[in-house]
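I've put the structures underneath this note.
Below are two complexes that have chain A in common, paired first with chain B and then with chain C.
So, the complex of A and B:
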């Protein structure tokens, strides 16, 4: 009796969250799907005739489309590579005995809390500007020509900016995981004459594997929808050289006011993300204890 | 003796390397703060002036007076705090139910919630934009509170769930034996024990909402934009503006960087959905 009662209460307590998330997810998705099959231009209200898959054909044949897929992939992979590799290194460093570890930690973590629009504008103007930027000055000191980072290598520049913001996150998580490593095991291996590299490879790295998969999962979620950094630095350019899928959809929707093709792009983005999510969940799902 | 000496040498060496690396990583923030105290001419000087320049607070005065900094700051506070508090009201009962009345579907529900976080925001940008336009929610703080609350709800439920799960079941059973109703359970027993978890969930979500830059850029214009949108307006500059950009940036990030430093531990746990503690 009591259990039936409490089960009903539990369902009642859970339902607002579930219903809200369902509505937040399902309703707009259905609308996106509907728009994607119709002709819908915000600036030319002329009814919304059914188009079939024409919007998809239009979006897929956008010269920027393939590039945006490639850019999305490169940005995610580039940032993941930098943050995971440097994050493991940094975590190992911060785990060593040192003076003032608390302060060092605080300094390393700080970039994560800087809002994307600030970090992007600071990097764009004060570091990567070809005339007044610090990088230009450094290049000059070494007698090299200054590069216009965001114009000449926009994707690399964006990768660096974004990686700077996510490196603290990876470091913090890997450090937390590292601190739970059994020191006895390490000492035993040391006694057995295993050198530092072998200890890292056979003890530390396997211990970190779960934390690394988690870092990859979480960062991928956020990196797939990277937007603000592109918006305030390159506007996806030059041309579409630094547009990712999110930015391309935005430009169809709010720059060209073509709701139909933007929706088709949105659907494509959702399908792509779902395929990736399925793969990642299979990979990481085991790491989450429920 | 010698072993101890090399130990200290090692420690000194690590200290040196770690401080150097940390300073390098922190440098962009340090540089922004320094630049915010320069004149515009000093801000673009080549070679750059690191510490020896005429320190001035004019940029702060100018940002404060000439722009609507205060209004955007207020918007940021309202939006991040509002969305987090409303989110908590919905997430606490849900997490409680998932943690204390688990069923066969609990794992499925949790995984489904996580998967909603994977839905790319652009997939729903168009309908949300149009719905908001029709409902008059475009460019309003209410609209952003709703959107940010919903987009962070899965993280809140997950975070709270991992905290609630650690509350010993015995206490609960004892309360049930005494005839406590679920409502009383939640209010008198669980909530006080879960308060630290609830506080860190709130903190983390305020940080996430403060820095959120997809919806805030796409759904607001001038008047109701939070600080993310305010800073973005500096992307089309005129004339010398590095020092002023730096002052505005420092003002925008200072409160949340400080909050962030206080929440490092909870951050790991919250953002990894309890997988790393």
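So, the complex of A and C:
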């Protein structure tokens, strides 16, 4: 059937999807590129003269830029570390036979259904609030001073909030991977004299490596563009202590109304994300080639 | 060389009793085959011996020592699983070396033993491959290699050949038999295939619903089955089993006659019937004859007879070779089978 005719037909059939993708993805990208090279400030309607790379220089020289890159990195790595480590632990626990396992599994998945803005507000007002928060109350029970989480350790607090939201995702993927592990393999290892830790290290963890890779790749994509949690809790502050790249772009675009420099920031974010993705694929992508 | 003994061993899952109390002695150096239909408890029994399942009550002795509560690794047994259970992310070398690494043996010892095992099993060329790059038979060999290097006191095989194609199965069967002779180790082999059981075993244990139906050498089981179940299970094609009037003539509830002990004739005989199917195997011919009131009688005869479906024939059982069973399915042994 692979005649010239059928191939032409196949292309024709594919074209609507390809065109739609092109329009949806390429057009915004081209527009962003165009804006990034022109002076486009909403507060100063004076035409859009060509600026060359001035917007890029302006964005890169933003005093919060380097910190936002560092924050983005720390947030992604912190959340990945917590979700993968705790996810493996939780998946192992949930894989054990126990009473009411079905209910517990549903409960574990629940945080994933809470939208980011809501979960961040709940954490901000009910847990991390230095006056009314649960953590402050617990600290006071022991006679300690309450910590103003979002002011004193904003980045750590954000990491915790986001990790809480993503933990179910990691747990779910790792749990399904765990269930596909052949029980005879575990039994063979047991017969071979491997204790529980050795079985985990030599059998379970290698089996999970592919699922862990998937978790890391998918989460990285979403965590790079983290915004809602920052917006409703710290507003990137204090100062720029908890701004990531996405938040810095937002502040250029909708706090300073400078579309040109925000677009330049957007392009920089895309390039940075691609570099990181490439690095990740090199680092962990090998385990996908099984 | 190690003997294994089960004393009144039982296994229950909740209220469900899989093995209701079973005694068995396996002598040192013996190759014992557990055979029975699926769900008869043969795999469970093997897993009880391996320690992968806990014994509900009773005692398990390995070399005279109580091993009922020992963890699997300390029993000194090796097991070959039906799925081979190779570690997919490890090379063949690492797979075979795994039990030695777990036992913290030195690098040089591991190296030597792995190479020895690879030589015995013809795996030298594949040592650096991953299991997924091997054929079924090679994977099977790796699994056996992993079992050998530990120098276990006994080997346990859980339907190791059921994932192989027919030709390879015959080959591997011979290799396992050869391995048994070479190592002289005690082996327990579980299968549902009675041909495998007959060809491999020193002694066969026939299991049915968690109970031992009969223990004996392959020929003992074939020549004098102790129960109706064993009579029907051992032997291919199956023994002809007849009830009713014909059986009562011999003072039994059921009589059995092996297909090779039935004579065919076109002119005279005991029962008259019509051939429904004739299977020409070259060396033998299996003829299925429908006899009115008795059902289908299977006859095994020489390869050169010319019978076709629809032919009308006489069949006659050889009376001295009749097996008689009482109403509980137990064999009646006293006196020669005589028609009253």
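As a convention for this text, the second predicted complex is superposed on the first by the 265 of 290 C-alpha atoms of A that agree within 3 Å, B and C clash if a C-alpha of one lies under 4 Å from a C-alpha of the other, contacts with A are read in each partner's own complex, and residues count from 1 in each chain.
The criterion applied here is as follows: contacts are C-beta pairs under 8 Å (C-beta built on N, C-alpha and C of every residue); 3 or more make two chains touch, one makes a residue touch a chain.
The structure presented is a predicted model; accordingly, all values stated were derived computationally and were not measured.
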Considering only the touch criterion stated at the top, classify A:187 as touching first (chain B), second (chain C), both, or neither. second
Under the stated touch criterion, which partner chain does A:28 make contact with: chain B (first), chain C (second), both, or neither? first
More chain A residues touched by chain B or by chain C? B
Given the touch rule stated above, what does A:151 touch, chain B (first), chain C (second), both, or neither? neither
Based on the superposed arrangement, let me know which partner A:198 touches: chain B (first), chain C (second), both, or neither? second
Footprint of chain C on chain A - complex, ascending: 182, 184-185, 187-194, 198, 202-203, 206-207, 209
Going by the contact rule at the top, pick out the chain B residues touching chain A in the complex. 10-12, 14-15, 17-19, 21-23, 25-26, 28-29, 31-32, 35, 44, 46-48, 90-91, 93-94, 96-98, 100-101, 103, 106-107, 109-111, 113-131, 150-151, 153-154, 157, 176, 182-183, 207, 210-211, 213-214, 217-218, 227-229, 231-232, 234-235, 237, 242, 245-246, 249, 252-253, 256-257, 259-261, 264, 267-268, 271-277
Residue numbers on chain A that touch chain B, as the complex places them: 2, 6-7, 9-11, 13-14, 16-18, 20-21, 24-25, 27-29, 31-32, 35, 90, 93-94, 96-101, 103-119, 121-127, 132, 134, 137, 140, 164, 167-169, 172-173, 176-177, 210-211, 214, 218, 221, 224-225, 227-228, 231-233, 245-246, 249-250, 253-254, 259, 262-263, 265-267, 269-270, 273-274, 276-277, 281, 284-285, 287-290
Chain A-touching residues of chain C, taken from the complex the two chains share: 50-52, 71-73, 77-79, 81-83, 85-90, 98-99, 102-103, 146, 150
